[in-house]
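Heads up, the next two complexes both have chain A, just with different partners, chain B and then chain C.
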Partner chain A sequence: MIKPRSVPWFLCAPALVLFVVMVLVPLFLTVILSFHVFDHNTGIKNELTLAHYIEVLSDSYYFEIFWRTIWISALTTLLCLLIGAPQAYILSRMRSPWKSILLLIIIAPLLVSVVVRAFGWSILLGPSGLVSLFADFLGIKLSRILYTEKAVVIALVHIMMPFMVIPIWTSLQKLDPSVQDAALSLSATPFTTFRRIVLPQILPGMLSGSLIVFGLSASSFAIPGLLGGRKLKMVATVVYDEYLYALNWPLGATIAIILLIANLAIMLSYNRVIERKYRRALG
Partner chain B sequence: MEKGEFVSLLGPSGCGKTTTLQMIAGFVDVTKGEIWLDGQDITHAKPNTRGLGIVFQSYALFPHMTVLDNVSFGLEMRRVPKQERLERVREILNMVHLSGYEDRFPRELSGGQRQRVALARALVIKPPVLLLDEPLSNLDAKLREEMQFELRRIQKTLGTTTIMVTHDQSEALSISDRVVVMESGKITQTDTPYALYENPQTEFISTFVGKTNLLSAVIRRDGQSLLAQFEGFELPLEIAPSSPTGKAVLSLRPEKIKLTEPGKGHVDGTVTQVFFLGDRWLYHLETPLGELLVADSNTGHANIQEGNRFGLTWAGQSMRLLQDATEQQHD
Partner chain C sequence: MRNNGPISLFFSTLVIVFMLAPLVIVCLVAFTPDNTMTIPTSKFSVRWFEAVFRHSDLMTSFWNSLRLGLFSATIATAISIPAGLALTRYEFKARGWLNGMFLSPLIIPHLVLGVAMLRMFSLIDARGSFTWLVLAHVVIIVPYSLRLIIAASVGMDRSCEHAALSLGASRMTVFRRITVPMLLPGITGGWLLAFISSFDEVTMSIFVTAPSTVTLPVRMYMYATESIDPLMAAASALTVAFTAVVMLLIDRLYGLDKVLVGGK
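This part shows the complex of A and B:
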């Protein structure tokens, strides 16, 4: 017989096994790999070194790529917030059939493969794509979009939008609508009501949305790979290049681990700052 | 409405009383009629320009603000200087007995305390009219009773004209100056609590406000007075002689019936159920007139049991003719 106290463990077991086998073990192997010596002639050697870390952290080439990855992700997060928050607000105020329809439109991008969507954007943003044709028609001279940071940010914002809208929408659902009426009855304008009453309450949703979007953007591969072109590199594409073209697996592993640590550090400190400010009020 | 008056909108759920309140507050568009405040038509004014104090059923406190910030929000919106703001908040919190709770957050307060914060927040702006939307319905019975007296005390002290929406008849009776009864979107009676209880105009009001017995009778004219005719006996009615005669329904409050020995009352009845309510007893009696409710105050004796037989007697004047129940038949 299974003792009642051990039931939770049994229930957790499948997920736990999956997590250990699919995430922890490969991650651990990657960490080990990043400390191995690599020789261009003989490949990976069974000796340990810190050379890859020193190389990545001291070379301005890698610094530039890391910096670009961070600001593209931050910009994507900011744009998602600016577009997603009002969108979620409108969504929460919609009536029944329209609400489901808009929600479906928001989730729809998740139903199409990232690669297909990336190609779609490359067609739209290309030199003879719809966007430049439309700009020509209006007489606006557009600089090149495809294979620049602009294309990457546009496509990332599009793909990440559901991850921003849904958490914000969820926290809006929990809002008591009469709280807004209360603010109005106390002579607050609709704008003040939104800023002082609604916004602080949906902050947790905005925070979790931002964390998801930033994390996914910083580690995104297909979008920068397909829309950034060969020259515009982000960290994930550099890792790919090291593994598949330079065949320097330890260096690729090192970059991946540094990205993971940087990502974690940024997300945790962001979380910490906001949580400290609102912990007591929002529980 | 008079200035300083406490009026209750009483009605069952779904009768339109909350909608009425929301129209006064400006959250729902008025479909017909006008709303006037101090000689000004505010029918189409925006809710944030009306300046009314509102206490919501869910209290609707700002969960991310302290009690102090919650209460001073309205003053802040009115650009009251900080020093005066603090003073007025302190004063009103003192009045609702919440001094010392300034830095708490709403979720750190009990239901009754939240209610008082909501009240303080609505009152601190010194509104011309205070609107209360089922303010006590989320409190337990004991606290609700306490808050009824509190509410009345605070309202009297400040002299704020108040409109309260409630479905609880005892609440409406105990704290209002006047009660407005609503039934499916229509006002059916407006009276002081005593007059409402003693002279319910419709069958609905007589059963909704307090308990009552509904008796079928035939109204007969006898000279200058009117008589209610039952099977086997007649009782004089104290109503205007011009009232219509014919079949009618009469309301008789349970506490107006006295129990006597069998055969000495108007009818005889057998006790079928006994309820003890603390301050009084409530008996169900099976009589030729149907099942009758009788209330008797608790005088320290508990000797009436199910199956006992009693005579029932009451004065003709304590019966009330219900308007909507008469079959109009002028003679």
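This part shows the complex of A and C:
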């Protein structure tokens, strides 16, 4: 008979073993790998070095790629926020069947493969695609979009929109409409009501949405791979190149570990901030 | 006051068009009779769909993805049920820590997981092994099945279990006849969500698949980096249709909005 205290451990054991073997061990091996010496002729050597970290953090080539990844992700986050927040608000004020139908249209693409959606954008944004035809029709002269940062940002906004809309929608659902009515009946303008009543309450949703979008954009692979072309590299596509073309695994591992640390740092610090803020607000 | 003005509705329509545009366009282009990426206006043709079914690489990778999704979603569900029950029904010190670990694939970039697993697979000579590929997919889809099972377990009324126990049912009978049936919507919803997540996964898979185990998204990614032709559009349209069927199933069994948005 199992002791009552060990029951939860017993129940978690299969998942725990799997995660130790498939997540913790591989991550540990990769950290070790990132310190290994790499020789272009003989491959990975059994000596340890910090050279890869120094190279990635000091070489202007990698700096450019990290910088591009950061600004593309930041711009994507900003656009998702500017489009997603009003959209979620408008949807929440719609009547019943429309409300859920339109919400599903916005978030259901989440389940369609990223490759398919990226491919759709490469048709739309190509030189003879609908977007340039439409611009011609309006008499606007567009410069090339496909294989530039513009295409990457457009497609990323599309992929990330559900991750922004979902948390904002969730916080909008918690809103008590009678508070807004009270503000209005006390002769606040609709704008003031929005700014002083609605906005503060959906702010946590907007923040967590922004963070998820930024994190996922910064590590996105298929979108820059398919819509950025060969020249426009982001962090994930550079890691892929190091692994598959340069075969410099230790260097690729170094970049991946830096990406992981940056991602975890953003997520965890955000959690701290939110928790502290709410404890203050509630306590 | 809670009505949307014309500007709001116009804005909302634009966003909807933006979200649907890439999916609609691949489905339209898939029916072109030409060899170029044109939208058919007068004549529709299914020749590119036929080409997909004759394309042996695409078909092999489709079956790979399907098998992989079925196996990994089933294993993920099987280990998520006991873990989900443990995490919701027992107070123990490591609970928060275990919960965080099982949901960690949502925060760890798939790229990093792919790179990490590639290193391990090459050390233990497991590249090209279907079994290890299944385990890799199980890890990234456990968060989805686990979350729905946790939600179902939290919302479950346990008095039925107590009633059955007090009437002399064994623990195993209670689990089989009461607990599992009551958790069933969460289990099936979680299984489907896990399946479609595995079926779609590309970033990690591109590192851990070998030529013999290439999945459909990976094959399509490779194909699309080299050429853009209606064959890809037809394959994409079929993928969209397949996903739509799974979505309908999720909606019937659990509620698509509940799966995607969460909450009640």
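Throughout what follows, the second predicted complex is superposed on the first by the 246 of 283 C-alpha atoms of A that agree within 3 Å, B and C clash if a C-alpha of one lies under 4 Å from a C-alpha of the other, contacts with A are read in each partner's own complex, and residues count from 1 in each chain.
Just so we're on the same page, contacts are C-beta pairs under 8 Å (C-beta built on N, C-alpha and C of every residue); 3 or more make two chains touch, one makes a residue touch a chain.
Source: prediction; values computed, not measured.
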Comparison of chain B and chain C by chain A residues contacted: C
Chain B versus chain C as contact partner of A:Leu184, first or second or both or neither: both
Partner chain in contact with A:Leu57 - chain B first, chain C second, else both or neither: neither
Partner chain in contact with A:Gln201 - chain B first, chain C second, else both or neither: first
First, second, both or neither for A:Asn263, with chain B first and chain C second: second
Touching partner for A:Leu48 - first (chain B), second (chain C), both, neither: neither
Partner chain(s) touched by A:Val116 [first = chain B, second = chain C, both, neither]: second
Which superposed partner A:Ala246 touches (first chain B, second chain C, both, neither): neither
Intersection of the chain A residues that touch chain B with those that touch chain C: 181, 184, 190
Chain C-touching residues of chain A, taken from the complex the two chains share: 5, 7-9, 11-12, 14-16, 18-19, 21-23, 25-27, 29-30, 33, 83, 86-87, 90-91, 93-94, 100, 102-124, 126, 128-130, 155, 158, 161-162, 166, 169-170, 173, 177, 180-181, 184, 190, 215-216, 218-219, 221-222, 225-226, 236, 239-240, 243, 249, 252-253, 256-257, 259-260, 263-264, 267
Sites on chain A touched by chain B in the complex: 176, 178-179, 181-190, 192, 196-197, 200-201, 278, 280-283
Contact set on chain C toward chain A in their complex: 1-4, 8-9, 11-12, 15-16, 18-23, 25-26, 29, 37, 39, 78-80, 82-83, 85-87, 89-90, 92, 94-95, 98, 101-102, 104-105, 107-113, 115-120, 123, 135-136, 138-139, 142, 146, 196, 199-200, 202-203, 206-207, 217, 220-221, 224-225, 228, 232-233, 236, 239-240, 243, 246-247, 256-257, 260-263
In the complex with chain A, residue positions of chain B that touch it: 25-27, 46-54, 56-58, 60-65, 73-74, 77-78, 105, 107, 121-122, 125
